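Each of the next two complexes has chain A plus one more chain, namely chain B in the first and chain C in the second.
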Partner chain A sequence: MEIKTIDILSASETQLQEMSKKYLLSLNLEEMLVVQKYFKDLGKNPTDVEIETIAQTWSEHCKHKTLTSSIDFNYTKIGGKPQKKLYKNLLKDTIFKITKELNKKWCISVFQDNAGVIEFDDKDAVAFKVETHNHPSAIEPYGGAGTGIGGVIRDILGVGLGAKPIMNTDIFCFGPDNYPQEKVPKGVLHPKRVFKGVVSGVRDYGNRMGIPTSNGTILFDEGYIHNPLVYCGTVGMLPKDKAFKKVLPGDIILAVGGKTGRDGIHGATFSSLSLDENVSSTVVQIGNPIVEKKVLDTMLIARDKNLYNAVTDCGAGGFSSAIGELAIFSNGAKVHLEKAPLKYKGLQPWEIWISEAQERMVFAVPKNNLEEILKIFTDEDVEATVLGEFTNTGKLEVFYDSKIVCSLDMKFLHDGIPKRHKSAVWNEKKSAVKKIKSKNLTNRLKEILSSLNVCSKEWVIRQYDHEVQAQTVIKPLVGVKNDGPSDAAVLKPLPDSDKGIVVSNGVNLYGKKDAYSMAVSAIDEALRNLVAVGGNLKKTALLDNFCWGALDTPEQLGEIVMTCEACYDMGKVFETPFISGKDSLNNKYKLGSKTVSIPPTLLISAISVIDDIKKCITMDLKKSGNPVYIVGLTKDEVLPRVDFENAKKQMTALQEAIEQKTVDSCHDCSDGGIAVSCSEMCFSGGLGMEINLKNVPAENIKSDEAILFSESNSRFIVEVRKEKEKDFNRILQGANFAKIGQVVKNKKFIVNGLRKKSVIDSDISELKNSWQKTLGNYD
Partner chain B sequence: MSNYKILIEHKDNALDAESKGTLKDIIDLGLKTVKSIKVSQIYEISGDISLHEIEEISNDLLVDPITQKITINSDSKESGIAIEVYYKSGVTDAVADTVHIGIKDMNIDKDVKVRTGKRYFLKGKLSSTNVKNIAEKILSNTVVQEYVIRQ
Partner chain C sequence: MNKTKVIVLRTAGTNCDIETANGFKLAGADPEIVHINKFLRNEKSFSDYKILAVPGGFSYGDDISAGKVFANKLKYKLKNEIMEFTKNGKLIIGICNGFQILVKSGFFPFIENKQSVTLTNNDSGKFECRWVYLKTMKGIANKIWTKGLPDVIQLPIAHGEGKFVCEKDTLKKIKQNSQIVFKYVDEKGKSSGFPYNPNGSVEDIVGITNPEGNIFGLMPHPERFVVKQQYPLWTKDKNVEPFGLMILKNAVDYAKSNL
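Coming up: the complex of A and B.
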């Protein structure tokens, strides 16, 4: 064993910066100076364990320094004068603020634990968390994605006193799979290899854990070649009275699950750096789902016997973060690192302390319960080890063989980080009007159906078990042949109740041009998908996941500010609180002297609790003769915005119409607009449709093509039950909507244009073939 | 102290999805001269353990006798190029850990070392640069794995 002392007291400013770089601390000069002052006041140099503890606790990954910084914001809207705004704390002044203002009684625990928790019924609650695992997946797609899903499952195990995972959701962004191999730079894996590796990693971990993967999306764009994005989410159920944790002084620190090794060292600080071709194997984590499954099964037994006061997962920063965070409750902890079970000999104390080896949880157990809880774990061959105890001394004290290797004040560790102050700028740009001229609209439609971002993802979905636990009511693939694209997943988590959970997501590429447009569109899409299957907007919560590239200039920061503003605006309009979020910044790659960044990407995940799953509907056409309606206004826009008032009116009215059983099928309009939406409804239901573009409510559009392919927000194609048409019209009154056609028996999709008849005329089997062939036979 | 190298591969008449998928990946890379590929799972077990015990472990723990076959300590006599991929030392080998537990559960109380890997047996016209490309771009990830080429 070796404890190094780091000579920080005599270091100059330049040396401090070098030190931060050399030890991968990812702390800036201001932070290093605060650390230096702390140790100057103590009159001693820090040990390597102490400096690593501070770096982990203060990492961007754990502290969200950028999103919580104070910001001077200067912005100009089109045609407006320059304006100023000051944020004391960007997140608190936007996303947290709307949740606070809405003050929904059904929100149980928001932005404070490992996941957001909302009410399900009188007894139960639902927890939802979405994480990213981008850097590890770029380097080792299989292991990175597997441990990504493993990590977010542990977040659910570690929320409150532990929730039972009931569903996973996965959203990926990759480079185009047909990108020329010779153009892929050294040190970067080909997008196809990343794609296949990530999918198999999620498949193997999720399936082996016995958790269904029932929702997801994949975006392809050249912006993600160097830095793919892997978002993993998990939904869990827990009793309402188990939603909060506490830690009392004297509680035993119990480490449960996997052994500690040198894998995943510096993950938390590593994720705050740009990637380049030189990476070490120690930042890669290797997963073992069987170990985690055993932890899951045993800990829920211990939870229901009330054997522990608190639990949390070892994620970024390993023991240092997990024990450090629980120690806040009791105000201190004493840890004996030599007791930690190791995968092999030779680990230094600081490595044991911050290793991100997988499948580990930390419990706070009252002394009297120790024997009983240890028996539950050891009976099932789950390793459980006492590492020390929680105290109220105000100090985090770490020992190795009775020698003290770290002693830090809790107050300094958790509140000592200097606040960042930044300035941001945003100038609204006018969005150009799309000018495409296709001669043959049927061929154009087929092209769009075959494009990577629209085509069938069945090859991916079929690898995931989406049925295990037998609760998935609306599945990712629906329709007469179970191969149509579902808008959202619906779960029925309790055997004796028809109450359900709806989960959907929204993500897009508009961030390349306009962050505000991206964010409102992502939220609109998530809500649209949710409403389309029968979700309840009155009980819907949102999760935000920011993935950004470089954030060096005020303009780049301005994009984040506008995204937060969009979240506030949409939350306010739809009265949907945010309950959890996460950010992954620095998704950039150093190519020699150039830095390549991803397009700013906001993923919005939505979760809704509904009273009766029997009222849910799917997107496939059901019956010939039924009238087809469109809800929402079609505009000629490249960067779609949301018309707040109308959007809300449309969605709430449609929700009511679905609840009153006037709708047989419903599908949202997104990529590829009305044309793609109608095509998908046709070939999923095995029925034809004839629509008239003249009847589509549109603004400033004069061409068939623009109406068919416009991607305006807040729109739905609705197949209304013929005998309920009057009721539907009554319920939708006051919203933008119109009848545009009907379902027909012959298996053809026919579109009559503004001036000409049948501008599209195609067999639905041909459309389906175009949609399926791209990833159809992928192995 | 003995060393055993156990190879498990699919029988010729059984569907071998992994080999098929890997072949497609190589062709996608632009190397159309590869004629066939056979993937085997490698288990290296060393320690004070008898061949009889190794056979028992192979038959009862490692192989699916209906679709797979076992070779112990002997390389294929066919001609071709074999690329073997292993985790670097220090990287968690979860399959090896599970084999350890399995051996214990079989009541074989021996202190053994286990390492797992994959062997890719390629046939076709390939230059040494081609082989290196296949090894590094498709079969291994050199951040956590190392590979050996055997001709």
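Coming up: the complex of A and C.
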């Protein structure tokens, strides 16, 4: 073994910056200077282990430096005067703030652990976390996506005293799968290869873990060619009284699960850099789901016997972060790295310490319980190794063969990072109304149905086991042939209770033009999807996942600020707290002297706890003769906003109408608007529909085309149970809604226009064919 | 209380153990999920139970081939105990990975040293998760597992290696003995090819028993259809019976009155 000392004491500012680059530390000059000062005060140079520990702990990945920085914000709304706002800490002043203001009693643990935790019933709680694994998936799609899933599952295993994963959700953004190969730059994988690799990776890891993948979405856009996005989410259940951890001085540090290897070195700091053609794939971890499954099986036995005080996962930064974070509870730790089981010989101490090798968890175990917990692990062939103990010395001390290789002040390590200060600018732009003119609206509808972002994703969904654990009661594919697009997934997690969990998501491409529009629309969509199947807005929590490209200019930062503001605004209107989030910045690619960035992309995941899954509904038409209604106002807009008050009124009323069993099927209007939504309801249910555009409540619209394809937010198509039509009308009173047609027996979708009859007239089988053919036979 | 004791046998990579146990509980039994190591270390004995369920999952990662490592453990380490168990007419059900394990264990569908049946890669070349229609065949299983089931039932499948394949002679023997339990069909009960037959199984074979009928292996998951709301069309079609529960209940009832 070899311990290097880094000569930081004598380094000039330029040398400090070079040092950060050379060792992949991803620290800026200001941070390097603080590190230099710390060691100057100590009068010694840092070891490689020490400098790596600081870099991991201070990485953007672990510390969210940008989103927590203080920001001077200058903004101008259309027709308004320039205004100023100062954020002391952007996240605290927006997203955390609304959660705090709402102060929901059913929120158990928010923004403090590996996942957000809300109440399920008197005894149980639900944990939810969504992560991204973008950089690794760009380089090695199969391994990157698999370990992305593996990682977020470990977040759930590592929340509180450990939750049992019950569902996965996966959202991907790729370049168009038919993008010409010759235009793909050197070093970049073709979008199709990324797509297939990612899907296989998620399939093989998720299926092997026995966790149903029951929700997800895929966005295709040229903006994601160089940097695909892979969001992986996991929902877990845990007893309410096991939602918090503690660590006492003297507790044993027990590493459990996989061995440590050289895979995934510098993952945390690498994710803070731009990709280019020279990135090596050793930064990507190698996954083994069965090892993780064994850890899951055994740790839940140990949890239920109360054998440990704390657990966390080894994610970004490996042991250094996992042990470092748990050590905050006791205020110190002593670690003996030579004890860590290795995949092969030859790792340097700093590599063992920061390797992100997969399937590893760290436990804090009271000495008296050690024997019993070790037996549980060894009984099922799970490797468990004592690495040291937690202390209260205020120091993180790391040894290798009794030689000290790292001794850092806990306070400096966790609080020493200098706060960033930035300025941001936003000038609201008027959105130009897009005028499309199509002669044949039936053909236009078919084109939209077969476009990549609307078409059936059955090819992907079928490869995921969405039924394992036997809890999925509203499935990702619904309808008479089990192939229609469900709005959200519903789980019934306890065999002896009808309580349920609804999970949905919202994500869109509006970030290319207007971040605020993107964010309110993503939240609106997630909530729409949730309400459409019978979710409960009164007990709904949100997760935010920011994926951004370059953040070098005040304008780019301004987009993030407006996204945070949108989260605050929507949270306030719908009274939906945020419980967890994550940001992945630097999704950019260096092409020679040029840097390409992804479009700003916010994923919103929503989770709701409902009292009776038997009241849930699906989106496929049920019965001819039933009246069809629209809820919400249709506007001529390209970058849709949310009319807060009306949106809330509409969704709350619709929720009530579904609860009162007046609705037979319901589908939200999103990509492709009313036309796509109605078509999907028809061919999923195997029934026809006739609607009249004259009856659609609309604002400033004079063309059939605009009404049919407008993507205004907060709208639903609702098939009302005929016998309950009066009740439905009573419940919706005061909201924007209208009857627009009825379900018909003949298998046709007919739209009567503002001036002409049947502007669309198509067999539903033709519409279905258009929708299914794009990715239908993908292999 | 004298409920039928069921072992749900699990190991590294098993992942349908909990719902299988829940299914048996709903069927009126007293299931216990036990790790195979407990049998290997003689901490548990098969003789205390009447039904053995080998649930789905990816045992030992399906390394080598699906179910192979688990099957070898049964074959080389627990053979005598299993033989004793089945000789007494006790019931074994292998579901999905459990079915794959059984056919590689040397005692199913026939007690012989070679493997005569296998479940190989789906014709589609990939993992498939979907609900399928099954035709209940007339045969030895009617006495136990499929008693009272309608002509066509529905259950979900979720597997990458579920294509039933065997040699001509074996198939002949299986047919002569009426060992075929279900066949993949369309909603009308007719053989219809992919996706109705989701994996390309020879003669649409879904599951079989041994000649005596007390060992049953199948690819679909009865434990995933034990309450109405697991059925994909429950929001439309309110009168469906949970067919999976009927199968498990048949086993429990049989064990209660015969074992």
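A few remarks follow.
In this section, the second predicted complex is superposed on the first by the 779 of 779 C-alpha atoms of A that agree within 3 Å, B and C clash if a C-alpha of one lies under 4 Å from a C-alpha of the other, contacts with A are read in each partner's own complex, and residues count from 1 in each chain.
The working rule: a contact is a pair of C-beta atoms (placed from the backbone, for glycine too) under 8 Å apart; a residue touches a chain by one contact, two chains touch by 3 or more.
None of these values were measured; they are calculated from a predicted model.
Contacts of A:Ile617 after superposition on the shared chain: chain C is touched, whereas chain B is not. When both complexes are overlaid on chain A, the residue A:Gly592 reaches neither chain B nor chain C. For chain A, the partner that touches more of its residues is C, with chain B and chain C as the two candidates.
By the touch criterion stated above, A:Ile290 is placed in contact with chain B and with chain C alike.
In the superposition on chain A, no contact is made by A:Gly80 with either chain B or chain C.
Looking at the shared chain after the overlay, A:Arg203 reaches chain C, while chain B stays out of its contact range. Residues common to the contacts of chain A with chain B and with chain C across the two structures: 288, 290, 381, 779.
Listed in rising order, the residues of chain A touching chain C in the complex are 203, 207-210, 288-290, 293-294, 297, 379-381, 461-475, 477-478, 480, 482, 492, 495, 613-614, 616-618, 620, 622, 665, 779.
By the touch criterion given at the top, residues 10, 12-16, 18-19, 22-23, 25-26, 35, 37, 56-58, 60-61, 124-131, 156, 158, 221, 223-224, 226-227, 229-230, 232-236 of chain C touch chain A in their complex. Those residues of chain A that touch chain B in the complex are listed here as 139-140, 143, 181, 189-190, 192-193, 196, 261-263, 279-282, 284, 286-288, 290, 343-344, 357, 381, 779. Taken in their complex, chain B has these residues touching chain A: 17, 20-21, 24-25, 28-30, 88, 90-94, 97-98, 101, 137-138, 141, 143-144.
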